[in-house]
Amino acid sequence: MEIIKPLLQCLAALLLSPLLAGVINRVKAFFSGRRGQPLLQLYLELYKLSRKTPVYSRTTTWVFKAGPVIGLSALLAALAVLPFAGRPSFLTFEGDFIFLLYLLGLARFVTVLAALDTGSAFEGMGASREMQFAVFAEPAFFLGLAALARVTGQGSLAGMFGALTGESWRTAAPVLALLTASFFIVLLAENSRVPADDPNTHLELTMIHEAMALDHSGPELAYILYGAALKLWLFASLIACMVLPRHSGSWVLDSALFGLALLGMAAAVGVVESIMARLRLTKVPYLLITAFAFSSLALIFQLGR
Amino acid sequence: MLLVLLSIVILISSASLALCLGRNASRAQDAGAYGAAAASAAGLIPALQVLLTGTAETISFPWPVPLGSFTFTLDPLSAFFLVPLYILTGLSAVYGVDYLKNYAGRKPLGLAWAAFNILTAAMVLVFTAGNAVLFMLGWELMAAASFLLVLFEHEKPQVRRAAFIYLTAGGAGALMLLAAFSLLGAGSAALDFSSFPSPSRGIASAVFLLALCGFGLKAGFIPLHVWLPEAHPAAPSQVSAVMSGIMIKTGIYGLIRVLGFIKPWEEWWGWTLLIIGAVSCLLGALFALAQHELKRVLAYSSIENIGIILLALGLGMAGAACGADALAGLAFGGALLHVLNHALFKGLLFMGAGSVLHGAGTAELEALGGLAKRMPRTAPLFLAGSAAACALPPLNGFAGEFLVYLGAFRSLNSAGSTAIAGVVSGLALASAGALAAAAFTRAGGAAFLGEPRTERAAKAREAGPLMLFSMRALVLLCLLCGLAAPLLLAPLGRAVASGFGLSFSAAAAGAASVPLLYVSAGGLLLLALIALAAARRSAFLGVKMPAAGPTWDCGYAAPSARMQYGASSFSQPLTDFFQPILRKLGQYPVISEYFPGRASFSSEAQAVFFNAVYLPAAVRIRNLAFRFSWLQHGRLQLYIMYIVVTLLGLLLWKL
Amino acid sequence: MHTFAELIIVFVILLDLALAVTGSLSSCIRLVALQGVVAGLLPLLAGSGAPHARAVVFALVIVTLKGAVFPRLLMRARDKSGARRDVEPLISYPASILLCLGAFIASSWLGSRLPLPQAGVAWIVPASLATIFTGFLLITTRSKAITQVLGYLVIENGIYIFGLALFVEQPLMVELAILLDVFVAVFVMGIAIFHISREFDHIDTAELSELNDWRRGEYGK
Amino acid sequence: MIAALMLLPLAAGILAFIIRNDKARRALLLWTAKGHFLLTALMVYLQAAYGIVFDLHAGFIPALYPRVSGAVWFAYDALGVLFLGITSLLFLGASHYAVTYLAAEKRDPGEDADDGFIFNNAPEAVFTGCLLLFLAAMTAVTASRHMGLLWASVEATTLLSAPLIYFHRHKRSLEATWKYLLICSVGIALALMGNLFLGAAGLKSGAGLDLAGLLSKAGALDKPLLKAAFLFLFVGYGTKMGLSPFHTWLPDAHSEAPAVVSALLSGALLNCAFLGILRVNSVCASAGLAAFTGGILILFGLFSILTAALFMLGQRDYKRLLAYSSIEHMGILALGIGLGGGAVFGAMLGALSHSLAKAGLFFTSGVVLAAEKTKRIADVRGLWRRAPRTAALWLAGFFLITGTPPSGIFLAKFIILREAVALKHYWLAGAYLGLLAILFAGMASVFISMTFGEHEAKPGEKPFAEPSGMLGPAAAFFACVILAGVFIPGWLNDLLAAAARDIGGKL
């Protein structure tokens, strides 16, 4: 049974992650008074795309095709590290979050290369911005995890979140709150959400993640979209683990709660998207620096305690 | 041990052979390359043996030179540096045969090979010398040989300038090392490493600082790096690979050796290393992002990696000073492992850059593009090397950094300053990693992907078979070292034990083995997933024939190579953000009319430290010298007056 | 006898002062010759008892050389070179005097620090040092090559006073050494001056400063 | 034996003035050099292997003067042998070089690059004769056991080398000769004064001026007078040796003299003057004044290095550059002697290596001058293309002279540094290293810019045939310097150590 659990957790992630995008869209539609897309729109699109014949630019090479494949694989591998409801997945070891961080880096690396392979001005632009934001997002994320490790005294993700209890929130509430805020900003930026990016437009002034996928089609695009969904799941579950420290002891109950929390995260993203305007592109680094500041403040608090 | 000496003998004799055959380019090439390859094969055996068994060997002959003795020591630390040395020089030599063919008849290839083999022999000497005089002999031979190699294309003024800076830096560094060895051996009759007495605290600190500067000038960390980005691009590519992969590591090796003589360490030494390392890795990556030439990008990336190694050493020393042995052991192990890894991937990358230079005739990023089509075999190798340089799993770059991260996180749960050290080093690593990723996607993208930007790039040709062989071998090693990192732990532990102390390796072994095993498992999982995803994609595609078309440019149907994002535009958001540090020089068009005519844009990455610190200092010293030049004004009367005044002064003062 | 020797020493010092202020080249040559003669006589008077025959011969040789041969040679060199007839000092005469006096003071202080074992004749060390420094003064503050030879001769006189007054009984190699030195001064330098005047038309040493390392105006940029 | 050593070049020198035939005269020069070297080698061998000490009493000179009985005038101790060996070896190389050089000059005296006039060289007979007599004088310097004789011999070297410097007979060489003559004569006059003081210091105890007497009665010497003697002798011989600030003649003379003469001046003559200082230094050391003399030597040694550093930066003339490098090395030697102890050995090794390396460099510079017809650094580019072997030697010489191992100079510098550190003269060591670094940078820029790059052919330039006769000696000397850096044979080690002991150093 214990071996099955991680398998089930991963399966849940694989199956449920496209749902989050649907939730966000529904929340946004609700706020703007529209009916909006179906909740399962992304599933449909993935299915459709997987059956399409792709069109490849004559400029591109194997790099263009390898990008989505490796990118998705990296995210899938990241799932093997990601804790579910504070419980370990397949691979849990000291420093596993570094591995996670670098897997995300790998995904970014190949995506950017694939974008550059098209020789298009737009995709180059998107790639450039992606790398720029990563430079600010990664330290913020890293510092946040460091603070968390300091709070919990643990070296692995599952260990940290497993050790996080309601008691921790009582004793280290400011730290954890700051960290949650920081992670949330990183989530928004990394998943091309407002206010860092607008996933709905292809206007060049906003183009970041979306622009990089302009030339992809067919199964490759499906891979990219599915990868994006997984990435959102990944960040959302980290935050969910943090804000939901209480462990009932029952795996089923915890998992259900955790699933609800994830949906809540998606809803929160939708709310933010609905009530906020996108930032000017040049201001995005400052947003990420804010996240960085939150993380460092948290760490400094924690080191001082 | 004897085989190591044999390798030196082979190297020297093949060097002289190559020199003698200088008139016949291809035979000189053969003599040099086969000599180097044979020496590598011979030398690898004992080095691996020592690493696997952990027994140190020492051979000593008398040397009729004051203070000197032919004492060679092959302990696991030496062996750990010798292994990448032999691997990389052997492969570089093979690579060089194809690479240098272009130059036959135009350049004295015999001399180049002689210098290359002497350089290799000198590095072997440095890694095995057990006597200060012998060490300095190897050290300076290394500098002289590489100086000649840097001057390979001495017709270019910037190459001569680079060589001058390099030579001067080397000379200054060597003088500091002499001072350090003098201090260390002040009380002993000979200057054998084993006979150095334990110095007093003040002396130890002085030795530390001297060694830091002296070895730092070779290792090339900031701010002592100024020669590196000039000299590495100037040398032939296989030499750049060796210089960057191994030669700058002699500085690290020397520093570790000297640290072994001045135990116990002070905490501030660790902090010094840590801060220098952090600054180096951050600024190195940042500067790499701003460069316009592929080999310069790689050179700055070497600075970044040296910074990482130094940072790890510093973290370890800070930890050791607080008694956190496991943390220190992890950091030291990470440092050493990164030495190995960096040698492999940086050697690969420089060879890749060399292939670009060889195939397209230029390595200017803005003149390249689309090489993945013209050089389909080189491109994946270079991009894989880039991924390794960004420490992406499952390649080898990750393993070393991972150990350092582990050490850094270990420190988080200890009190006070060690925790801060851990945070600083982890943060520096993460930020530098992100910057390096930007730099390498930029370099790889601009050179290999998209459309060719110039005629030369469009007509590039694939690298020769021997060049490809060397690069493939290195890629394979990169992958192997990444996946089989847990197997490296045992030899690594022996190297740490012999270089730093037994307690560290013992404490770290337990802490590192399980996580590394998991990392390897994760890497394998990743590879499996990639295979799965690729297979799934093929399944999706089925028998459908993908259509081909122009790049979708949001409706613009005639995209040209001039419109694609170039290297400067790719990095522009970041370089603008860091402009206060980078101080790029540039000319931006100011558009003042409604229908602007031709506009031009240029930007140039300048050598910030050199221009801001070293050049003014040099000019100031020269001006000072000129200011005193009137003393030699040519008038006899005053010359004699010097004599009289001095005599009178001496008489009045001393009598 | 010693009183007589001391008188000569005072005379030598006075000649130093005179040299410092003399402007005419020919007077300078004469003064140097006179100093040479006076100094040459010194060993005959300084010793106790009758002078050794060898010493007398040597003194006569020196007196002849310095008193007759050199002045004539130098006068000829002066005439040949066709230079102006004054010494062309680079500093004013009062300054020369002051420097000369300063040299005397320094010399007497030094003399007091260096007591000779055979304190036969007083003031020997100060006088000889003072004469040496006067010679230097001539070399360093006069512009002509010929005055530099003169200065050199004055230095020689100073050394001579010291040496011969001291080693009356045991001249060792001193006499030969001094002869050799004098030989340098006059013959070799004379040849050189001859060449200089042929090459440069005159013997102003200001011309002789082409070889230098002065980077005038190249610094401060 | 000693008489033979001195008389051989003396006789040959006089003969050289008489011989009319150029070829015969050149052969005479060559064979005299070989004979002198053989005699030297034989003497070193006999002295080392059988302990035979050669000395020359002045017994055969008619007893014109009463003198201290039993005084030895000429004899060789280890120090003298070392310096004799250097001189003789150097002269051997120089004679080979000179023969080729003179033949080339005879064919085509060449014209001055800066002013464009044809050289009006001095007669070859005078040149060869003076060269040989110069050797005789230097031999006498190394053999002298009497301060007066030593002085006279040094004086003779000045006189005999002046015509050598004036070989080209034009304005600039005349200026150089004049300065050399006057400054060195002044120096030598001061040294004479110093000798007199030395004699005065020993008057009471009857020490005389011969070294044996001085050393044996050192304790009884009059201290203030001895100090004065040292100062005068130091300034006097220091002028000849080229210590700053008495060095001013040196760059001029070295740059204007023919390369072979520069090599002899730098490699042999400076050492001879140095020997004078060493002799009086050992007397002072025996009298217990080691700290006094050491301080002065260190001070002026360091000041010389400083001066060299200041003037080598941005130097415009490569022969002057080499001259300043000689000043630097003289400074290092003085520093080594001043530090005493182990550094003395380093200084001895340094003297040997510097002489060879610098002579080799000057020989090479002569070929560079022949190839490029200019001494201006800025006008020489891409020597590699025009004269590859010369360029290789030029570069090798640079590495050797700056103390890049393997080189005897490296060992010398290192040993001296080590001693400074061991004596806890940290500031001294720091200043020494800093100046060496500046010197290194200054020389590096010059040698790189001259050797490498594209050669710009001057109008009417013919291909240059590198004369082996001129490069051979340089190559051989460099090989010796390298050898001294990797392998010091036992006999040489013993000789150096014994020489160091003669001065008061210990290993």
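A, B, C and D label the chains in the order they appear, each numbered from 1.
Basically, a residue touches a chain if its C-beta (ideal position, glycine included) is under 8 Å from a C-beta of that chain, and two chains touch if they have at least 3 such contacts.
Note that the structure is predicted; figures quoted are calculated from it, not measured.
Colleague: Using the touch definition up top, find the fewest steps from chain A to chain D.
Modeller: 2
Colleague: Please name the chain that ends up farthest from chain C once chain centres are defined by their CA atoms averaged.
Modeller: The chain lying farthest from chain C is A.
Colleague: Between chain A and chain C, what distance separates the C-alpha centroids? Give it in angstrom.
Modeller: The mean C-alpha positions of chain A and chain C differ by 98 Å.
Colleague: Express in whole angstrom the distance between the two chain centres, defined as the mean CA positions of chain C and chain D.
Modeller: About 30 Å, centre to centre.
Colleague: Using Cα averages as centroids, what's the distance between chain A and chain B in whole Å?
Modeller: 35
Colleague: How many Å are there between the centre of chain B and the centre of chain D, using C-alpha atoms for each centre?
Modeller: 44
Colleague: What residues in chain B touch two or more of the other chains?
Modeller: Residue numbers touching two or more other chains: 622, 624, 626, 629, 632, 636, 640, 651, 655.
Colleague: Multi-chain contacts in chain C: which residues touch at least two other chains?
Modeller: 110, 113-114, 136, 139, 148, 208-211, 213, 215, 218
Colleague: Which residue numbers or ranges of chain A touch two or more of the other chains?
Modeller: There are none in chain A.
Colleague: Please list each pair of chains that are touching.
Modeller: A-B, B-C, B-D, C-D
Colleague: Within their complex, state which residues of chain B touch chain D.
Modeller: Against chain D, the touching part of chain B is residues 63-67, 133, 136-137, 140-141, 143-144, 151, 154-155, 157, 160, 163-164, 167-168, 171-172, 174-176, 178-179, 182-183, 185-187, 206, 618, 621-622, 624-626, 628-629, 631-632, 636, 639-640, 642-643, 646-647, 650-651, 654-655.
Colleague: Which of the residues in chain C come into contact with chain B in the complex?
Modeller: Residues 90, 106, 109-110, 113-114, 133, 136, 139-143, 148, 205-206, 208-216, 218-221.
Colleague: Report the residues of chain B in contact with chain A in the complex, numbered from low to high.
Modeller: Residues of chain B touching chain A: 369-370, 372-373, 376, 379-380, 383, 387, 390-393, 398, 402, 405-406, 409-410, 412-413, 419-420, 422-423, 426-427, 430-431, 433-435, 437-438, 440-442, 444-446, 448-451, 511, 514-515, 517-519, 521-522, 525-526, 529-530, 532-534, 537, 540-541, 544-554, 559, 561, 563-566, 569-574, 577.
Colleague: Spell out the part of chain D that touches chain B in their complex, as residue ranges.
Modeller: Touch list, chain D to chain B: 178-179, 182-183, 186-187, 190, 224, 227-228, 231-232, 234-235, 239, 245-246, 248-249, 251, 292, 296, 307, 309-311, 313-314, 345-346, 349, 384, 399, 402, 404-406, 410-411, 413-415, 417-418, 420-422, 426, 429-430, 433, 436-438, 440-441, 444-445, 448-449, 452-454, 485-490, 493, 507.
Colleague: Would you tell me which residues of chain B are touching chain C in their complex?
Modeller: The contact residues of chain B facing chain C are 622-624, 626-627, 629-630, 632-638, 640-641, 644, 648, 651-652, 655.
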